[in-house]
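A, B, C and D are the chain letters, set down in written order, and residue numbers restart from 1 in every chain.
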């Protein structure tokens, strides 16, 4: 069993850290919010009062943070871990952040002999709690092999997707396809409804052929029942879409569909639906067709 | 077994008519192109030299025509069948055309006591040949019940989707979702490629989760191999997208995603890809990213 | 002075016909709505009870009708004027309709020796009343020369823009640019407002440089004051945008911007704003940003 | 006359600094590229070998830098000027950068008693050389009044547009309108061309009415002549559009038109047109319609 420093104990991170502890690893946890790490002490997490204490002596330093600036803060900003990490330590960033920033940080770490993996997840809080996350890992083969058992304590599907940054890239590809497939479903259901066709019948027919998708199968019922509630939060979706648009900009790839669906999700958020599930895009279409009531 | 008048013996229609003949029906066929019906005589189709002769005495009058104007020509235009049809005959339009025009023609027929079903299909030439079409049927329950055995000689999946016009509506919903799901896939693959991620790996990961779709599973390999060839033809796709946009306009439903993907398919057609399969949308993305060569 | 048959005496047509009468022409008017032509008798229009009577003996047959099907009805449909017109008569269609349908009708007329001009207008009811319309004319040079004095009785700016159909084409080009320029203005004002910048200041600055447009100068004040009322009606705008999208489809030109702004105007119409002025697109942006109250 | 520290002596900055010198100010210049400041010594700029030397004793510290990170580097990053500036100094950032980042930096400066203006410009290299820039200034009234004479040595139009950050915001509003108005023009010209209408005639007509814009008047001729060359560079345009999209995202304003035109400009850049003028968007439309050769 390994010694693991775990930085970022939010709704996702805490579940992941607890699963590591349950699997027998020695987990030292830190969160920027005072008291959070201490609150997990009874469940087997050793609280660290600062970054340095969390990383000290850890074989793996795992990060689970909101966005790119927080990861930069922890790793490469002044006061970050960069100067303290040693070559035998492995950094695993499980946040969803910019692949370009990821590569830049990995280079800075590599210059000091420290390896890094990017390993964003999907599966939500439930997946985190049940150790059933999908984990998409970018980085060197050797580092991946070393990290694999640790990652498998948190997820049921751990895939190596190539070089550093690729974990983030594939995550963003996943998110843009999810968003656009939801949009396709919402457009069909809006058109069916307005045309006097029972949208449940439409869904049934579409599921039987080439229009089928995971979204149609799994979120279709919520859209039909106008259930905007639980699900992958729209504000998180927007964060990922922003990263996807940024990546597209940096790589010079025009993604008009992704750009358009992002503007639709912005409309959802403007109407206070940031904490609704991402299927709530149907409400934007309801509004557009004056069916919102 | 029934006597059936079959109007429109193109690449789809001829296969469907032959399946009806094989199933034991007496099929009288007509096509606007001289000689086409005669060419099928050896395979059991009785050729009719005009519309009237095809419809004369038929229990079912089936249409399989390119677009709305051709169906109007056959049914309600001067010289069309409207004045000749009798209440015991049932019109089944299997073309993909405007749901609004469909309802207008059905009303004109109903005024003379003649029932009509709209029954567009999916499954392509292969489905037509193998009698494995999906058939989406709109119209009265009684008319549907009467037509069912005939339709089942042409398709493996015959679904009643409600009132007249609904067959067309659900077909158009299906087509717009297909188009947008293809676009989603193309955007992800374009972004993966430009970012140095193996797009085959990206597809594999996406298929394992909430980004999965029939398109990713079935047309993904063609997109990865840059195979623009066979498949549902882009010019037919565009015809269906035009109908979907028109329906959205008439019903007052903004469908920005459908509008956008239509403009991308127009670009494909402008580059002479009308006869390529609809997965060839990837070439538009290749062009946009200057990867077309 | 000429004898003129004028078909279509709606809000625009009646003003144009009256201006022709005022200019000394002998105007015989007809409208599909009974009583309309008769109601203008006191103002110098000789009412005709049917199409034939309006066209009989007229040197110019002018049409001012809502859309393509109505013009086809009058000219080429069974019962239309096609069979009655004679080579010395000149047809001038001043409606805004499909350029492609225009060319088809002109060919049918030409086959009988009758010349046609398409001459759509801009300037609205005020322009029609004050004989200040802009008139964009397509057709043969000789026909244009012959029609010019008549057209100048209705408009202050009469431009020959080339072959038949070009009048309609340039009108549609004009309309799509207007729509997109309005959208640009609405996006800037929405962004300014949300960012705490006085939108009136923003407009002032933009007007001073390369972002200036007729729309910013003339409709900007209405957008700033949230005045959705008078102006070029949104439902007419949508009709023109539909024609522009159709033309783009037929000519194989992807116009993603036009497609997008059309979907935004559809949203406006869905919210009951069809009779508002086209500057009311700002309300769609207000709704998108949850500022609609 | 004032002592001015000028940081950033690129193609724009050097012209602005020279105009300040010409106006009699004592200009101390610094650029991150060694030798650049020294190269201007003969023209009256005193070279400073580092940031500190440029700012030392200056009444005004002016920045003209490529993007947000460079301005942060100079002002608030470790090693930046933040700790060295004194309350009697005034920072004027004339770069085009994020309004949100601008406000954050202004707050950091304010905490040390130092005032800041954001004062982005338009007018290009020519405007910079001829001291004819438009300058949009955000910040306190008193600071603006103090800076005005200095700004007027660089521009012919100096407008105070409200609080700090508003200069950037209005600049971004300007840029998005410019981009969309160009797109509108390109769509009209593409449609005119494909429809057989002389695009020069189309432009002439459109200029005479409600479709007119600065772009149609000034860049229309280049688009007609397919002159993609000189003009406001596409890569700078894209930088500004990225800032506009980011601001829209941060402020929660959906700007679908801006998002779409950004993806079209990305396509232009992908085809190596980054250094072409922004009117070269017509080439994207040429490509879309397969007219690029």
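Basically, a contact is a pair of C-beta atoms (placed from the backbone, for glycine too) under 8 Å apart; a residue touches a chain by one contact, two chains touch by 3 or more.
Protein names from UniProt, one per chain: A, B, C, D = NAD(P)-dependent oxidoreductase.
The model shown is predicted, which means the values in this text are computed figures rather than measured ones.
When chain centres are set by their Cα atoms, the one at the greatest distance from subunit D is B.
Between the Cα centres of subunit A and subunit D there is a gap of 35 Å.
Taking each chain's centre as the mean of its C-alpha atoms, subunit A lies 40 Å from subunit B.
A separation of 52 Å divides the Cα centre of subunit B from that of subunit D. Of all residues in subunit D, those that touch two or more other chains are 248, 252-256, 260, 264, 266-267, 270, 288-289.
Chain-to-chain contact here is organised exhaustively, every possible pair of chains being in touch.
Here subunit B touches subunit C in the complex through residues 78, 238, 242, 245, 248-249, 252-256, 259-260, 262-264, 266-267, 269-270, going by the rule given at the top. Those residues of subunit D that touch subunit C in the shared complex are 99, 122, 134, 136, 157, 159, 161-163, 165-166, 169-170, 172-178, 180-181, 183-185, 187-192, 194-198, 201-202, 204-206, 208-216, 218, 244, 247-248, 251-258, 260-261, 264, 285, 288-289. In the complex of the two chains, the subunit A residues touching subunit C come out as 256, 260, 266-267, 270-272, 287-290.
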